[in-house]
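Got some structures for you, see below.
The same subunit A turns up in both complexes below, where it pairs with subunit B and then with subunit C.
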Partner chain A sequence: MKLNYMKGRFKLGLLLSFILLLLTGCWSSKEIEDLGLIVGTSLDLETDTNSREESEEQEARNSNKELITITNQFVTSETTGSGPKEGKKQQAYKNVSETGDAVLPTLRNMILKNDKRAFAEHSKVIVIGEDFASTFNLKQTMDFFLRELEMRPSALLLIAKNHASNILESNEPSKIPAFQLVEMMKGHKKTTKIIPPMTFAKLEGKLYSEASFLLQSVVSENDEIKFVGAAVIEGKTKKLRGFLTGKELEGITWITGKGKGGLVTSFYEETDQPIIYEIISTKSKIIPHVDGENISFNVKIESEGRIAEHWVLSEKTFDNKFLKKAEKATEKEVERLVKNVLDKIQHEYQTDVSGFGTRLRIEYPKVWEKVKKDWDQIFSGVPIQCEVNITIKDYGTSGE
Partner chain B sequence: MMMNSQDKITPSQAVVILVNYILATGILTLPRTSVEKVKTPDVWISVFLGGIIAIIASLIIVKLSQKFPEKTFYQYSQDIVGKWIGCFLSLLIIVYFFTISAFEVRIMAEVTSLFLLEGTPTWAIILPFMWIGLYLISSGINGIARLFEIIFPITFVLFLLVAFLSLGIFEIDNLRPVLGLGVMPVLKGVKTATLAFLGPEIMLLLVAFMKKSEKTKAVKVVLVGLTIPLIFYVITVVMVIGALSVKGVVTRTWPTLELMRSFEIPGLIFERFESFLLVIWIMQIFATFTITYFAAALGLAQLFKKNIQPFIFGLLPLIYIISMTPKNINDLFKFGNMIGNTALFLFGVLPIILLIILRLKGGKT
Partner chain C sequence: MWGKILSYIPEWKVFMQGFIVFFIPYIIFKLFNGIVSKQKTHEDEMKEINDQTNQKVELEHQKSSQGSYDHYTGDFNLDVELVKNEIGHNWDVHVREFHIGNTDIRAAIIFLDGLSDKELIDKHILASLMGNVLKKDEQESIYEKGVFLQTFIKNEVLSVSDITEEYDVKQSVGKILLGATALIIDGIPNVLMLGTVKGKSRNFEEPVSEALVRGPRLGFTETLSDNTALLRQHGENSDLSIINFQVGKRTKKELVIAYIQEIADPNLIEEVKKRIQSITIDDVAESGYVEQLIEDNYLSPFTQVQNTERPDRVFAALMEGRVAILLDGTPFALIVPVTFSMLLQSPEDYYERWLPSTLIRLLRYLAAAITLFAPSLYISFVSFHQGLIPTKLALSMMGTREGVPFPAIIEALIMEVAIEILREAGLRLPKPIGPTMGIVGGLVIGEAAVQAGIVSPIMVIVVALTAISSFAIPQYNAGISLRMLRFVAMFFAALFGLYGVILFFLLLCSHLVKLKSFGIPYVSPTVPYRASDWKDFMVRMPLMMMKRRPKMLHTKDSSRQD
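Entry: the complex of A and B
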C-alpha cells in the first residue's frame, strides 16, 4: 500500500516537473513597448551631395553611384496615446531617414539611430519618389520588398510627385500619413480619378511580364496629401515614363470599365451650363480585330447613371427630351476624355496601360505571342474606335 | 508484425487515410511547379488530367491488391515473382516510403522555420515532430486512422474558408484565355500535376487492413479518396493564379501561402489568414509523414517476420539523417522530384507488370 502511494507520488512529481518545461512562457516574445512598428516607407533618390560624403562606406567603393534615401514611418508606444504627455501635442508618428546604396543595408543602418526594434509586419504603404522611379528599374529596387518575409504582399505601392518623404509628413500631429493614404485609396469606389489599389501581390505579376501599368500618384501640397492622376510605368524598362493627370486617368477608368462610381461634368449645348452625371454602373468592352498583320480595337462603353445636379434653368428633368440631350452631352464628354488619354498614351508615352494587350491576349492568343515583345510600340500605331452609350435612369428627388 | 485481428479499418477510414496522405507539400508548391511547365493559365486542366491518371494508376493497384485480400504487398509480391525478387521489390518500396517521410519532415521544417519559428534550429523543429509521429504509429493502423479522422474535417473546413476568402483579389482575366495556345502546353504540365497525387500506393497495404466483407469497396475508396484532393488542388491552382497571375506565380517559392498573405479582411476576428493555412498544412504533412513511416516499418516487420516495434525505433534516426541531407531548399525540391520520378515507375509501371505476370501464371495452373 505504502509502496503504491510512493509510486504515485513519484509519477506525479515527474509529471509536474515536465509541466515546468511548458511554463517557461513565450520564448522569443517581443514586448510591444519595445517595438517600432513600420507603417510606411518612402524611397527617394539622394541628390544632396553632403549626405553622400557622410556615408563613408559607399564612397570608398563608388562615389558616382546613385544613392537612395529611405524614410521609415514608425509608430511606437511613445508616439501613441500611452506615451508621456507633456503639454504640447505629440506627433503620432516618427520618421527616420537613412541613405545608402541598396535597400536592406540602408534599413539596417537605421538601427544605429533608433532605440526601437523595427517591425515591418504592419507596413501598409510604400511611396516611391519621382526621381527614384525614373532612375531605377522597379524590378531591382522592389526585390527586397517582394523577398522579405516581414513585408506583406498586401502593402500598397504609390508614386509621389517630387519627394516621396514629403508624403509621409503631416501638419496634423494626430494623424498618421501612412494610414491616411490607405484610407484614401478606398475612395476608388466613389471616383474615377483613383485607380484600383495596386498591392505587391498584384505588382509581382506586372513586374515579371512585359506589360506597362499604372500606379496611383500622390503629391504633397502645403502639407496636404492629395491623389493626382497616375504614374505610367513602362513595360520594358520598368521605369517611370510620365504622369497622367486626373482628367486623363478618368479616361483610362472609362476604357477599363472599372469605375464603380464617379461624376462626369458636361455642358448644356445651348446655354453652356453644367450638367453633372453620376455613374451607377459602367461596362466596357475592348474588342480586338485582327486582319492579317493589322490589329485594331473597338471600345464599347456603356454606362447607367443619374443626373445628380444641373444648372440649366430652362429645362426640367421631367422632360425626356432634356434627358436625351443630357445623355448626348455626357456621351460627348466621355468620348472626349477617352480620346484625349488615348492620344497621350499612344503617341506621347507609347505605353499600353489600359488593358488593350490583355484583351488581345485573351481573344487572339496566337497573335499575342507574336506581338507581345514589342507590344507597346505596336500599340502606339493601332487604330482605336470608341463608342459611348450613356443611359440616364433617374434624377433624384427633384424634377426641375 | 503479425497482423492483429483488431487492426481493421472501415472504408471511410481508408478514404481519410488516402486523402490525408495525398494532400501534403503539393498544396503549397503545385501552382508554381505546374505553371513553370505549362506557362499558360490552363494549369487547372493539367491538374485535372493528372488526377485522372492517378485514379487509373490507383485502380490498377487496387485490382492487384484485391487478388490477395489478406496480404499486404510485402507478402504477396513474393507469391508472384518468387522470394528473392519479391524481397527486392519490397525493399525498394520500403526505401521509397521512408525517403518520402524524410522529405516531408524536411519540407515541414523549412516552411515552419521561415514562416513561424524564425531562429529555431531545424533539429529542434524536426525532433518533437518525429517523436510524436513515433508515438502515434506505435499504436498501429487503428490509431493512425482515428487521428486522421480528426484531421480531415478540420482541413476541409479551414481550407475552403481561406480559399474562398481570397475571392476578393481574384481576377478572371488572369485565367483567360482557356486553351489559347492549344493543348500542348497543358500536356507538358500533366507529369508534374500527377506527381502531386502521390499517395494511392498506400492501397498496396491498406486493402489488407480492410474488413473482409468490405474489400470490394476498395475501388470506391480510391475514387472518393482521389477526387477530394483533386478538387482541393484545382481550387488551389485556380485561386492562386487568379490572384497572382501566371507571371507572378512562377517567382514565388510558396505561392499558396503568398496568396493568403496578399489580402487582409478587417472587421472579422482575424485579419490575416496564412496561419490557418499553415495549421492545416502542418497537420497534413504530419499525416503524410506518419503513414509513410508506418508503411516502411510495417514493410520491414513483415519482410523479416518480426515485431514492428524495433523497426519503428530503428527507422527514426535513419529518417532524420536523410531529412538533413539536402543542403538547401533547391536541393530539397530536386530531391522531391527524384522521389516523384521513382514513384512513377514503382507505382505506375510495376503493378501492371505484376498483374500481367499473375495473369500468365494463372493461365498455366
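Entry: the complex of A and C
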C-alpha cells in the first residue's frame, strides 16, 4: 500500500516537473535563419516632397516638419544563400528604407515591408547624411542608438557627404557595403588621412562632453565608396559644422600624434623633385602657456621614419647631408599641413577638434574652469606655435 | 479608507505567482525526499528479512549438526548412495567403482566430467590405487584397521598434492561440483577429496576495451586465481593483502578485495568489506552487479566505481591507497573509491613523459567539455543568442540553415539520435561489418540529410565533433554518462538558451559536489580544495615532484619517494 502511494506521488511529481518545463516553452527563441541581420544603417534628412506625401500618417500633422529617412542594410539567409548560383549573381544584401518623423516609429514601420525579423546585434556601422547632421542635434538623435539594447558599442559612426543611403549601395552585388566600410576603416594604421575609428563606445563620451570632435566622412562617387577627410562636429550644438579635406585631416593627425603610419610628400628644394617620407612613429606634445589672461600653445611634433621613395637623382641617398635636407623638407611640409589646418579650424570653423582644450584642462584646471564655457570662441584667437622635428633613421631606398 | 487599504493588497496574479514560487520547490523537495525515504524503508525491510533468514539458517545449522544423517558412515554402499542422492542425477557426474589393487576392498571415485583433470585421475589416482598397492602378507592386518588404510593410501599410494578429508556429505558434494574428485573407500567413515580441479581459462591477452600504445600488453582473464596471480606477479610485495569473500546466495562465487596493508585507509577497507557483505543477491553474474550493488548513489548519472581489465591500472590504484575488488568469472576488476578525474586519466599518462601527458590530459578535459556542451551551445547560439556569434560565422550559419524546416533542437536531436543508433548498431555487428556499416551509415546519413535539407552542414560538424570527442574519453562508461547528460543539456538549451546551459551546469556541479564514492568526494581535489593533489589532476607533474600519495585518500603512509 505504502509503496503504491509513493509510486503515485513519484509519478505525479515527475509529471509536474515536466509540465513546468514545457509550460515555459522556448521563450524568446528565434531561429537564426528567420532573422534579418541589420549590418548597417543610414540616416538622411527627407527633402523629397513626394515621398513626404506618401507617408500618410505625417500628412495630417507636421507636414512642414523635417522628416527622416532610415535605410537599414539587411543580410538574410536568402541573400547569403548557398553561394552564388549559376547564371545570375545574387545581391548579398537588401536595403529597406522608411520615412518617418522619429527614429523608432520609422524602424517599426519597416516590419510592414520585411518578412525577416530585424536583429541589430551585428550592426557594424551607422552613416549619417550631411543634411541630417547639420540639421539635428546628434546627441538627441543618437540617443536611441546608444541606448538600444541590441546595438553594440563597437559600431562605427560615419558622416556621408550628400546622401547617406548612397553609401550603403554597392555596384558589386556580392559585397556588403557595411562590411567594406569597417574593413576600410582599418586602414587608419597605414595612412594619416583616416582618423582612428569613432565607435559608439567613444561617441557617448564625446557627445556628453562639450568638446568638438571629428568624424570620418565618406562619399559615394560613381558607385564607389571613398573616405574623404573628416566632418567637424561642433561641441556646443552637436551639429555638423563643416568638412576637412584629406590634406587638412593629415594636419590634425600630426597635431594629435595619433598617426601610426602614413606618408608625407615633400619636394627637394633644389630640384623640386618629390621625396616621400614614411612614418614609423609620431609623437606630439601640446604645451599650453598661460600668462595672465593670455593663453598660447606650443605644439611639438616628433617623428621617426624612413625615406620610402625619392626621385632626386642628383644626390647620393646615403649621404648625411642629403638626409638632413630631406628631413628639413619634410619638416617644412608637415609644418605647412599643420598651419593650414589650424588656420581652418581656428578661423573658419572656430572649433577645437585636436585636443588643445584637453591639455589646458589637465595643466591649468583653474584657467580652464574660466574659459571652458566658450572655449571654441577663445580657441579661435589663441596663438599656436608649431615645432616639427623629423628624424630619418632608416634608408628605405637603394643608393650609395 | 477601504480603498486605500485595498490598493495595497496585491492582485490575484501576484498571489498566484507567490503560490507557484513556493509550492513548486516544495513539491520538488517532497518528491526527492520521497525517493530517498523509499530507498531507506526498502533497505530497512531488507535488513529485517536478512536477520530473519540468518536466524533461520543458524537454527537449521544447529539442527543438522545434531542429526548425523549427512555424514559419511563408512558403509560403502550407503556412502555412494548418499552422494548419488545429492548429485547423481546430473549427467556430468561420474561414479567409477573399483577394487583397490590386489584386494577386494571396494572403492569409488566420483568426479565431474569437464571440470576435473581426467589425465591426473587416470594416471595418478586410478593407476596407483588399482596397481599393486599391498603385499599379500600385509593384507589382513590393514584391512581390519580402516583408519590405518586411509593414512597408508594418503601417505604412500596417491601422488596428488592436494588431499583433504571430508566428513560432511554436503561439503564434499560442493567440492565435487567445483572439479575435485572424491574417493570413497569401504570401511572408512570419510572421503578423501583430491584436488583435480582444472578450470577452463583462456590465455592472457591485451584488453580490448583499454588499449594502450605504451604499457604492458596484459589483461585479466575470467579466472580469479590467475588474476590475483597477476597482481602478485607485479612485484614482490608482502603488504599486498588479498582477502576473500563469497557472494551470491544461490550460486556462490569467490570475490576478493585487494589492497596494500601499509597504505590503504583502514576505514575504507572496513567500508568496502561491509558493503560487500551486504550483497544478498542470489547470483552475481559479473562485477557490474557488484558495482551496482555497492555504489553510493544509484540515481546519479556518473559511474562511482571504476572498472578495468588492466592489472597495471589496478596496481597503480592500490599504490595510491585504493581498494580493488576482483570477482571470479570476469576479467573486469573494480576500483574504489573513484574520483571524477580518474575517468579522464589513462595509465599511459604516467608511462609517457610529463609534458605530452599533461597536454593530452588537458585535451581530454576539452573533449569531455565538447561532448557535454557542443550541441547545446550550438542550439543556444542558433536559437537564442545570434549576437554572440562572430558576424561572418553568423552569416554562413544563416546561409546553411536556409531551408531547414526544423528548429535547432529538433535538428540536433535527429542527428544525435542517429549517431547514437549508428554507434550502438556498429557495436553489436560482427567485426568485419561493423566499421563498414558505421562509415557508410555515417556518410550516407550525414551527406543525404544535408542534401535533403533536413539538417544543416554545421550541425553535422557539431554532431561529428561531439561523437569523436566522446570516444576520446578513456573510460567507456564515463563517456556514456556524458553522452547521456548531453541530451539533458540540449533540452535545457532549447528551453532557456545559454541561460539554460548555465543552469544545467550549475545543477550538474551541485550534484557532483554532493556525490561521494566510498566517503571520498567525487570531484576532489577540486572540492574540497587540496592544492597538493592538483599535481596529478588536470596536469601530470614530473614524477620527481609527485612525492606524496593523494591526500584525499587518507593513506597510512603518504610518502612515495624521498
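The rule is simple: the second predicted complex is superposed on the first by the 367 of 400 C-alpha atoms of A that agree within 3 Å, B and C clash if a C-alpha of one lies under 4 Å from a C-alpha of the other, contacts with A are read in each partner's own complex, and residues count from 1 in each chain.
As a convention for this text, a residue touches a chain if its C-beta (ideal position, glycine included) is under 8 Å from a C-beta of that chain, and two chains touch if they have at least 3 such contacts.
What you see is a predicted model, and the numbers here were worked out from it, not measured in a lab.
Participant: Touching A:R336 in the superposition: subunit B (first), subunit C (second), both, neither?
Facilitator: So A:R336 meets neither subunit B nor subunit C here.
Participant: A:G205 contacts which: subunit B (first), subunit C (second), both, neither?
Facilitator: In the superposition, A:G205 touches subunit B alone.
Participant: Based on the superposed arrangement, let me know which partner A:S154 touches: subunit B (first), subunit C (second), both, or neither?
Facilitator: In the superposition, A:S154 touches subunit B alone.
Participant: For A:K247, decide between first (touching subunit B), second (touching subunit C), both and neither.
Facilitator: After superposing on A, A:K247 lies clear of both subunit B and subunit C.
Participant: Could you figure out whether subunit B or subunit C reaches more residues of subunit A?
Facilitator: Here the partner covering more residues of subunit A is C.
Participant: Could you look at A:P365 and tell me whether it touches subunit B, subunit C, both or neither (first, second, both, neither)?
Facilitator: first
Participant: Per the contact definition in the header, classify A:R306: touching subunit B only (first), subunit C only (second), both, or neither.
Facilitator: So A:R306 meets neither subunit B nor subunit C here.
Participant: Between subunit B (first) and subunit C (second), which does A:K258 come into contact with in this model arrangement: first, second, both, or neither?
Facilitator: Neither partner.
Participant: According to the stated criteria, A:L35 is in contact with first (subunit B), second (subunit C), both, or neither; which is it?
Facilitator: second
Participant: Residues of subunit A that sit at the subunit B interface in one complex and at the subunit C interface in the other, please.
Facilitator: Common to the two interfaces on subunit A: residues 28, 152.
Participant: Give every residue of subunit A touching subunit C within the complex, in rising order.
Facilitator: Per the touch definition, subunit A meets subunit C at residues 2-3, 6, 9-10, 13-14, 16-17, 20-21, 24-26, 28-33, 35, 37, 39, 75-78, 80-83, 119, 121-122, 124, 150, 152, 179.
Participant: Under the touch definition given earlier, write down the residues of subunit A that touch subunit B in their complex.
Facilitator: So the residues of subunit A touching subunit B come out as 28, 146, 149, 152-154, 199-202, 204-206, 208-209, 358, 361-363, 365-366, 368-369.
Participant: Enumerate the contact residues on subunit B facing subunit A in the complex.
Facilitator: Subunit B reaches subunit A through residues 40, 114-115, 118-119, 169, 173-174, 176-177, 180-181, 243-252, 258-259, 261-264, 272.
Participant: Please give the residue numbers of subunit C that touch subunit A in the complex, ascending.
Facilitator: Spelled out, the residues of subunit C in touch with subunit A are 24, 27-28, 30-31, 34-35, 38, 41, 381-384, 386-387, 389, 391, 394-404, 407-409, 491, 494-497.
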